[in-house]
Amino acid sequence: MMFALGPETVLQLILLVPGLGAILIGATNRFPNLRDALSLLIATALCALAVWLLLDHVAGGIARLQLTPIVQGLPILFVAEPIGLVFAVLASALWIVITAYSIGYMRKNNEPHQTRFYICFAIAMASTMGIALAGNLLTLFLFYEILTLSTYPLVVHHETDAARRAGRVYLGLLLSSSILFLLPAIIWTWFLAGTLDFTRGGILAGKIEGTQAAILFALFLFGAGKAALMPLHRWLPAAMIAPTPVSAFLHAVAVVKAGVFTILKVGVYIFGVGFLASVQASEWMLWVSAFSLIAASVIALGKDDLKARLAYSTIAQLAYVTMGVCLATVMGMVGGAMQLVTHALGKITLFMCAGAIYLATGKTRISDMRGLGRVMPFTFGAFLLGALSIIGIPPLGGAWSKWFLMMGASDAGHLAALGIWMLSSLLSLAYLIPLVARGFFLPLQEEEDRPQAQGREISVIRLARLREAPLWCVVPACITALLSVLVYFAGPAIAGFILPALGP
Amino acid sequence: MIIRLQNLLSVVMLSGVFSLLSAGMFVTLDAVDVAFTEAAVGAGLTTILFLGALALTGSAEKAPRQRSPLPLIVMAVLAAILIYGVIGLPPFGSADAPAHRYVMPEYISGTQTQIGIPNIVSAVLASYRGFDTLGETGVIFTAGIGVILLLRRRLAPRVSPPEDDAG
Amino acid sequence: MTGIDFILAHYNYSASIILMALGFYIVISRGNLIKKIVGLNLFQVSVFMLYISMGKVSGGTAPILTGKPELFSNPLPHVLILTAIVVGVATTAIGLALIVRIKDAYGVIEEDEILVMDRAREQLDARSG
Amino acid sequence: MILQHLAILQVMLPLLAAPLCVLSRSPLLAWGIAALAGLFALAGSFILFAQVLNAGVISYHIGNWAPPWGIEFRLDAANSFVLVVVSLVGAVCILYGRRSIEREIPEDDQPLFYTMLLLCFAGMLGVTSTGDAFNLFVFLEIFSLSSYVLVAMGAERDRRALTAAFTYLLLGTIGATFYVIGLGFVYALTGTLNMADMAVRITGMAGSGTLRVAFAFMIIGMGLKLAIFPMHLWLPNAYAFAPSIVTALLAGTATKVALYVLLRILFTIFSPAYPFESQTLQYLFLPLGLAGVFVASIVALFQQDVKRVLAWSSIAQSGYFLLGVSFASVGGLMASIVHLFNHAIMKSGLFLAVGCVVYRTGSCSIASFRGLGHKMPWTMAAFVIGGLSMIGIPATIGFTSKWYLILAALERGWWPVAIAIVAGSLLALFYFGRIIEAAYLQPSTDDSTITEAPLSMLAPMWMLTISCLALGIDSELTVSAARAAAEALFLDPHAGLPAHTGP
């Protein structure tokens, strides 16, 4: 059945399925079971479509879909190309996982507005697909903004004062940066090149020089505010106010990935690796992202709140991608793309574990999590795998991205970058592993606290009944943890798939 | 005087006199039709309107507040600019002015041949630029309905206070 | 053209301009609403004078055909001003009607006093809102 | 037969329908007449626009007197496009208006109110269609006088509507009189009142001081109507206190018509080789436009009343028009005209949404918007879409405007202006963000009886909202129309439409 479809139809479907899904979910508001089943079904269908498209591309097919022009000469255009396909498959696969996780989390936690939550999820997913498969910058920008808007209700899910403040920061920073930097960059590019199509080898070669090129490149990097480059990172910790599935979605599946994906696309298809290297537009941005990397890691070390620590870790890890692009070497770009994949898998695991811990124990602070590993071995095991992948230890996926990035740095002759990455790996080791160590090796906190206060009696009784989080939450985390391992073995294949797109 | 006087009644009467004087001036400038209209409408009708309004609102102006020099400056600038503009105009009464060489002669000959009534102004008003006159009627209609709409509330005051129509 | 000649050649224009400026001054400097309308009237009438002056041809007569060839003043400005006079009266009528309503609603027709009342109202709104 | 006279019927029908409304005693009948006239004008404007694009300039000689002796209705790509804008917004507002007027205007006043509405509408159509500079003044006065009265009708809700209308009347009349003064000078120099003819006869008079003064007066006169930044004082109060339907109509059309006249003055009457014009644009319009964008947007941030926020935002948007014009290029002019169309659609859509809120809650303070996201979902959805469009989010028409404005700025190499434009839209993000946040995230204060607005209001409003989205996703239609309009104005004011443009 599936194979009777043409690539263009699949492209249409891939955008329509989550969109229509959102409507269906809205229609089944009164039947939570049906609604949740539907969400899962849509996610699965979407993933199947993305995989179909990937296979089609491997088989040599060129999927392309052109719609109406937003402005004259610039249609809404979708083209399937390797980096985008990898992102699409990754995002849609993780969507299944995260939907399953959300069902468990939202029900256990008795969250309000669940229908709205799933609707926004579906719309956000549709726009993520739009970003992944965009054939020109304007299309990408369009879906980039829709993604921002559709995730806003997720961030302010609880509608409390704190949530509203966080939502303001979230929307304010993301929309401002995209309007203030990204949009002018896009229009400038259009003005220079007369096209915005993502073209192998870039479209700007010979159209812009020296300082101007550097400014344009910086506009793109800061414009993609979702990539959370250091002065514009505030939205990411702010958005931690949202329910954990949302955090996972923001950090792993959609939002931040859309940011670095945009940067990757701009580096590869707008500037082009060769041109970027020759005009040296990215040199100083490399240092900006390096600063972002180290600073965020150091801040993460100081955070006691688990989700906040993970948020700063995300900022640091995103800077890897930016640095990879700024190196302006083929291997750097491959490393960036790999980092996009492996970090997604690793970070989603970490967030789902954080959510599971919260669900099971109500704890959010790392210092309170002593000994929990003994009662929640699966959760903590998954957390360990995710953490190791992010640090970059084989045989976990993260190792490949770090490896390619290092190669990129040495290709560019950038020894300083190598040093920075070494340092940052150490830092990530320092901020991720202690939690696992506390969880497994220290005794349960309450045992030693018991004699202190009468008032703790109740909490002690509750803690005595501590056990692993619900299956709906633990299983997805374990799955992504295992995927992190699998990616290690698929690493060369992915790199090989992306590599041809990077050449001139 | 109109500026200084605080009795609005006198102000209005003076402005009526001014209108009448200007009508006289129009006559000397060969604009008899305009003069008639100005005398009837400008000096007559307008003054009546003013008197009516005064009857409804009272006729004393409060003492002027602290004077600021700004209006004077604005006025001076306006006058200066206009005089600068006037310098470039053809001298007063010159028969060679472009305005008298172009379009206008056709009106005079056209009135003789095409319309056939002696008053050129009426001819132009009713035929060549008849559409303006239609528009003018529209303006009067607008003003009439507008005044009715504004003042009928007053003639038949409603009981309910204005604020409580919420809900 | 010497200065005196020039002034003579343009005196009518200058006169209407001075009246115009006076009218404008009344509109912007006076607080009484009726006086503002009077000023507006003055302003408009002086514009009419400017137009009619433009239409004057020395030695010409009123544009009424008498059978013999004559020099006429330009009839077109007359036509325009006839229309403009009516427009002016219409504006005056609406303005005065508004003043009557304002008097009903506020009890005064002085700009600054109305402003004070509106300010007070605004502050009230701001506090309750 | 009808087609032949459509140019004039288009204006005359609403004008003649107005007395009919007076005669009809029932508000419903008056509404029916007004709606029919509006729809006729809408259909007519579309047909005329298509004709102009296909067959070039339409010149209709009223009473068969050839211009410049008689009065001409002259439709080129520019004003036929504006005609579409005006009649579209006008027709939608009238359709929408029935329930809103029932709520805000006493019943026995309603037929007269519709009369005024039609007169205002007809006046605007006349201003747009006419090719004669004095005839333009006459229609301008019909439109202005009726809009003063319409604004004053808000006095049922708040007496401040009266003073607002009075200020509007004073400044509006001064503006119109300035225009007449300027026109007088031009007439004295050229001897003609036909705008196209003026342009021909002005050629070669570039050095004349009189012409310069005439230019200044006409521009200032129209600037007052357009509420260009330092001349905007009448607008916020007039918009805030007028009945909802009037605000929507004025916001969507009045400033657009004034802008059109401004463009006519700049690019038709004074265009022929006018050396200082480009400098006027650059040194006067550019700073005024920028100042307007920023000052008005910042003031909008601190307003407590949604109508006022939107009113100040309108002043800011006038700043954008001015920026587009100040580029003195086809690209800039096109951007301005695109924005003219887009802003008419989105701003009147927004005001209609506010009208729905007023209909249900009786107030339009930001506080009264609390919780409306849940109580009036359709109204607020339309408001959000309109707001996003004002901010310039892609897939809305507002984005198209911003795109072309920025592109035009880059074409001139004025990148600081481009930055200013994006910064301005950022301010829009903040002032709309406040309202939308209140609507969705703050619990409503009281009164749980508030429900969604009636369908007869929602449907016309959503027509605008949908076109706001549809034309944002596919802008081909508006942009090519605007390009034709810009070229008609800029490249060849005398010959009308250049041969190479078309749909």
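Here the chain labels run A, B, C and D in written order, and each chain numbers its own residues starting at 1.
Assume contacts are C-beta pairs under 8 Å (C-beta built on N, C-alpha and C of every residue); 3 or more make two chains touch, one makes a residue touch a chain.
Keep in mind that this is a model prediction, so the values were computed, not measured.
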item	value
Chain occupying the most central position, where position means C-alpha average	D
Most extensive contact between chains (C-beta pair count)	B-C
Distance between the centres, which are taken as Cα means, of chain C and chain A, whole angstrom	68
CA centroid of chain A to CA centroid of chain D, Å	44
Centre-of-Cα separation between chain C and chain B, whole angstrom	6
Chain centre separation in whole Å, for chain D relative to chain C (CA means)	27
Multi-partner residues of chain C (at least 2 other chains)	20, 24, 54, 76-77, 80, 83, 87, 90-91, 94, 98-99, 101
Residues of chain B whose C-beta touches two or more other chains	82, 86-87, 89, 97, 99-100, 103-104, 107, 129, 132, 135-136, 139, 142-143, 146, 150, 153
Shared-contact residues (touching 2 or more other chains) in chain A	none
Every chain pair meeting the contact rule	A-D, B-C, B-D, C-D
Touching residues on chain C, where the partner in the complex is chain D	20, 24, 27, 33, 36, 40, 43-44, 47, 50-51, 54, 76-77, 80, 83-84, 87, 90-91, 94-95, 98-99, 101-102, 105-106, 114, 118, 121, 125-126, 129
Touching residues on chain D, where the partner in the complex is chain C	134, 137-138, 141, 145, 148-149, 152, 155, 159-160, 162-163, 165-166, 169-170, 173-174, 177, 180-181, 184, 187-188, 193, 304-305, 365-367
In the complex, chain A residues that touch chain D	68-72, 76, 138, 141-142, 145-146, 149, 156, 159, 163-164, 167-168, 171-172, 175-176, 179-180, 183-184, 187-188, 190-191
Residue ranges of chain B touching chain D (in the complex, touch as defined)	81-82, 84-90, 97-104, 106-107, 110, 127-132, 135-136, 138-139, 141-143, 145-146, 148-150, 152-153, 158, 162-163, 165-167
Chain B residues within the chain C interface of the complex	2-3, 8, 11-12, 15, 18-19, 22, 25-26, 29-34, 37-38, 41-42, 45-46, 49-50, 52-54, 56-58, 61-62, 64-65, 67, 71-72, 74-76, 78-79, 82-83, 86-87, 89, 91-95, 97, 99-100, 103-104, 107-108, 111-112, 118-121, 124-125, 129, 132-133, 135-136, 139-140, 142-144, 146-147, 150-151, 153-154
